[in-house]
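Read through the structures below before going on.
In the two complexes below, subunit A is the common chain; its partner is subunit B in one and subunit C in the other.
Up next is the complex of A and B:
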């Protein structure tokens, strides 16, 4: 690939960059060259320093030492705004959209343009969305969008801002295959126009799919760089984390009685998402996968099952040492409040919860220890805590628990904000899945998002182990592979209904794909949805 | 840890810069008013400490501010920004005054002091509490912004007070300003230090400070912090929106209502139209200045009160510097504190000892405030 002189003026080159956070050495003498017109994949295990390198390049964090140049001249951005002016932009791992504002308003807020025109901003964003072949509501407050739409929105705002070097920190962690496909096509077309793209990802097939160059980080060190073409995912994986342990063969499990049950649940959330009479039973000792394209209602179903959203009608039941039942009623504020009360009753009855957005459940301003023990501050816990012997439950040996889930660094006194994205996800898993007492039921949305291969495998095994110990596990994801990796049975949602329920042996990608797209299971040309009687 | 020390050092530098700029601004203002800064300073110090009476005045001024600020801790920690203390003080004072007169009349003027105190205390608390439950209800039921509703209710309370002092609680005597009859002697709070106006309310501040010191380590306190930043997780802890808003606003309302009683029974001996006198707003400022930590709040309340008392001394010493210089200095101080707080939010500050010695600022690095719909996914700031 030849580089025109104009393009040579835009090469971003970091030489021996180091960055320490107090005693933590996040980057050590790392070098990287980002060239125009190519996708540069940046991979490495959780906490390897990928986000830190990205932040240094984008002017968000100053390096402790080392030099960066842009087109051969020194490049020392004081802040993100200056980096943007120089043409380097970044979509951070932790999304930064303002929740109260729509995407258009967010775009207007971040820009440094002297004059803003709402109408032209809107059409610019709409055109960008169009090119990436995705649909996101431009005018709704971003807080009301789904997690994946917020992720897409953040990317689209950055794309619309226009940059010659664009850094995307795990842009695909919460996206489904359809959205990823459109996004990558758009990225490739940007590359053809001479944009340089840095892509941080844990999905190695994506590296093979779009990347030209590859840099591998490990423990803050650069362990490999070179061309990405021709590398197989397994080779990249070996570069990243060494040999992966063999997947343990699936132990036979006995399916017990129904633990978690939804019956004819009808619910409506803020915007388009709704449930239209959902029946679902998860048995003890079973892992059920919940698949569906974004916006099919999986989010809402999990929110109803966790007790956050009261159903309009229908019932949700959790069997355990005692049975908790939520019965639908007219949705009103009062009912929503009662819904809140049920979330804590369900938790007390042994419901573990890993939300789609880990930031709903991890408190960054609290230490790791406090995050692990947060449920000990539940209402009404004090009375029974006093009668029980001390240290029997969650609070015991937080360091051991962190180590068991491979949270790095496993220092209980560290604030959660100091963990890398993937390690925050492990922290969440350590709290929800690592308690001494096996939960009765587990609700997990994308439990392995943002995790490296080894950690993802560990979490999958943990979920299966919990099922073997008698928990009823429900795993939802946009990522079919994540579902297929753990599930004994796959349930597909479309348009707020369950449209397929297949044992894992019959759950071929083809059949699931048809169901997820709302097509009937067999080949008769008859839409599955409109045939169902209206409720 | 080296980083922590470096951060601490920079924080001290920043704090020093704030203090120096306050001194410079105050000095400039004094010179501008045509006075000698050293003479002004002398007047300030004298105004605060030249006699036991003056020290007593500082305490008297710090009591209402301190109580309001301390009882605001839970609300501010939960991100419920109630600015209604002014109105709650007013209503508490009206209730307390009316209750004292009513009890006294019922016993034909022979009511024992203890009974009158209890009546005033309880009635004040009830008045302030009711005044706080109204905006809490509006917030929970119809999502009316609590800053707006509490602010507007302050005007309603002020209007109600004016009407009260001209009608059912008005004194028969000829007075320059509207006021009530003087309270029966038995109803007024005994003074704590003889020869000063410092009353037993001082002890209440000490008690409240201890109570909140203990409370800070409780599960309830953790729940409120979680509620402020992670509403969904808070639901799993049992901290629903209605429960949190009602309970925290009630606590601040009770405190402000009791302040209303204290101002009537301990300071003015009658209900005046100036009963709240900006104490409600100073209380919020002091709570933030004290970083929501009880000790910090008590210190900040004393400081605010001393500044006001000292400025009066300065005015009389120099003759030209208006005592409102205290308000300017408080304003500059608050801005300085805001700067320090903003600085502390730097992401580099994440390596810190786990046990917070001083409470966190009201909102953490990425706390978007309470947008706690169970349904709405969390907004990110």
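Up next is the complex of A and C:
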């Protein structure tokens, strides 16, 4: 690949960059060259230093030592705003959207001119949405969007802000295959116009799919760099984490009685999503996978099951240490409150919950020990110090529990903000799945998002173990692989209904794909959906 | 009670509301930026004193400017102590209030030793709106006011426009609700908060000067009489929105005007009751509105 003089002026180069947080050495003498017109994949296990390197390049964190240059001249951005002005932009792992503001306003809130022009900003963002082939509400407060829409929204805002170097920190962790496809196509076309893209990801097939260059980090050290073409995911995995342990054979499990049941549940969230008469039973001892393209109602179903959204009609029952029933009615909010069957009652009856967005459940300003004790009182709002302790706030042997889930570093007194993204996800798992008492039911949305291969495998095994111990486990994900990796049975949603329910042996990618698209299964001529034609 | 009396009460209410509205607009910015300024009372009374002092030297306009500057300086000090040196926001705010109350009394006694006659200064002259002010009822209420009342109205509109149409307004909302994301986004959190506080201080100082140079024409110790705290209440009642602040300020000012003017009429009630009425009603309304705000808060917490 030849580089024009103009492009040479935009090469971002880091030389022997180190970054320490107190005693923690997040980066040690790492060098990277980001070329215009190429996708540079940055991979490594959780806590390897990927986000730290990205933040250093984007002006969010100053390096402790080392030099960065832009087009050959020293580049020392004071803050993110300055890096943006110099053409280096980033989509951070934890996202930077202000929840109160809409996407348009989030786009407008930084800049140099004192007055804002909503109309032109809106049309710019709308055009960017079109080009990336995604649909996100531009005018709603971003707190009201789903997690994947916030992720897409943040990417679109960064694209609209424009940059010659765009760093994306795990942009695909919460996206489904369709959205990822659209996004990558757009990224490739940006590349052809000369944009440099740094892509941080744990999905190694994506590296093969789009990356030109590859840098592998491990424990803050750069362990590999070179061309990404021709590398197979298994080779990259070996570079990252060494050999993966064999997946333990699944223990034989017996399916018990129904623990978690939804009957004729109708619900509506503020925006598009709705449930249109959902029946679902999850038995003790089984893992049910919930699949569906974004917006099919999976998020809402989990919110209803977890007690965060009251159903309009229908019932939800959890058989636990005692039976909790949520019954829908017209005045459903009041009814749910009067009945007392809200999230906390369900929780007290033994429901574990891993939300789609870990920031709904992990409080960055609290220590790891405290985070093992709090629980989230709502979805869609960042968890904070108001989250009430579950029972007592005294967790026995917190260090052991953290170590069991490989949270690094496993120091209970550390603030959660000091953990890497993946380690925060492990912390959440340690809280929800690591209690001494087996939960009666587990609801998990994308439980392995942001985790490296080894950690993701450990969480999958943990979910299966819990089922073996008698828990009823429901795992939803945009990522079909994640569902297929654990489920005994796969349930597919489309348009607010359950359109397929297949034992894992029959759940071929092809059949699931048809169901997810709302098409009838090939062996049943009857349409699965009456009103909604297939897209 | 006669129509004339009601007209006088309402016209008086508008005049009394002006300083509350001005200081309230400023505090609205401060609170929307996620901060609180408990030093308003101190900033107002220092503005009131400096307003008279500068007014006696160079006229009422200089008085207003001097009041504004004193509020600004106190806000700079507060910003330095609280957001640079990380002292406690509440303690420093209350400290500024106590300092302002004490210092203004002391300085005034140095300037005008007790026994001497109070210094009186010219107040801001009314603009003559000609026949408009002669209209029955609306004339005195709407067109017979001090220019400072119109200034307060203009600033209300400006404040609304700033929140709606400027990047600063968006930044204030961002840092007030989610400073961590705002910082990551590239918003300068410290600077935005400081700007809001300086606006708040300047407008509090101006509000103080409006009390003296605007209507009374002289200073007496403790002349603000807790209006700084009323401003805080009004901003909470009005949820920091210009229109809400205006309504809250009008409510308090109306009751105050009513208490002042209706004492002379036939209702035989003790005057203390009249004087405490505005504060009492403000308290009650504050309790009611903050309750409904709580309910709204819990509603929005319900997920999307």
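Operating definition for what follows: the second predicted complex is superposed on the first by the 489 of 535 C-alpha atoms of A that agree within 3 Å, B and C clash if a C-alpha of one lies under 4 Å from a C-alpha of the other, contacts with A are read in each partner's own complex, and residues count from 1 in each chain.
Here, a residue touches a chain if its C-beta (ideal position, glycine included) is under 8 Å from a C-beta of that chain, and two chains touch if they have at least 3 such contacts.
This one's a predicted model, so the numbers in the text were calculated from it and none came from an experiment.
Asks: Between subunit B and subunit C, whom does A:309 touch in the aligned arrangement: first, second, both, or neither?
Replies: Both subunit B and subunit C are touched by A:309.
Asks: If you stack the two complexes on chain A, which partner ends up touching A:24: first (subunit B), second (subunit C), both, or neither?
Replies: In the superposed model, A:24 contacts subunit B only, not subunit C.
Asks: Would you check which partner chain A:361 touches, where first means subunit B only, second means subunit C only, and both and neither mean what they say?
Replies: It touches subunit B, and subunit C stays clear.
Asks: May I ask you to decide whether A:269 touches subunit B, subunit C, both, or neither, giving the answer as first, second, both or neither?
Replies: both
Asks: Should A:343 be classified as contacting the first partner (subunit B), the second (subunit C), both, or neither?
Replies: Only subunit B; A:343 stays clear of subunit C.
Asks: Examine A:108 and indicate which partner it touches, taking first as subunit B and second as subunit C; both and neither are also allowed.
Replies: second
Asks: Now for A:99: first (subunit B), second (subunit C), both, or neither, which partner does it touch?
Replies: A:99 sits against subunit B and subunit C alike.
Asks: Using the touch definition from the top, say if A:144 reaches subunit B (first), subunit C (second), both or neither.
Replies: both
Asks: Determine, for the superposed model, which of the two partners subunit B and subunit C contacts more residues of subunit A.
Replies: Of subunit B and subunit C, B contacts more residues of subunit A.
Asks: Which partner does A:413 reach: the first (subunit B), the second (subunit C), both, or neither?
Replies: After superposition on chain A, A:413 lies in contact with subunit B alone.
Asks: So which positions on subunit A get touched by both subunit B and subunit C?
Replies: Subunit A residues touching both partners: 94-100, 143-146, 269-270, 303, 308-309, 333, 364, 377-382.
Asks: Once bound in the complex, which stretches of subunit A touch subunit B?
Replies: Contact set of subunit A toward subunit B: 21-24, 61, 94-100, 141-147, 150, 269-270, 303, 306-310, 333, 336-337, 339-341, 343-344, 347, 353, 355, 357, 359-367, 369-370, 374-382, 412-415, 417-418.
Asks: Spell out the residues on subunit B that touch subunit A in their complex, using ranges where they run on.
Replies: Touch list, subunit B to subunit A: 1-4, 140-141, 219-220, 222-223, 225-226, 229-230, 232-233, 235-243, 347-348, 350-354, 360, 364-368, 371, 373-381.
Asks: Which stretch or stretches of subunit A touch subunit C in the complex?
Replies: 60, 79-81, 84, 92, 94-101, 105-106, 108-111, 113-116, 143-146, 269-271, 303, 308-309, 333, 364, 377-382
Asks: Can you tell me which positions in subunit C touch subunit A when the two form their complex?
Replies: 165-168, 170-171, 173-174, 177-178, 180-182, 184-188, 301-304
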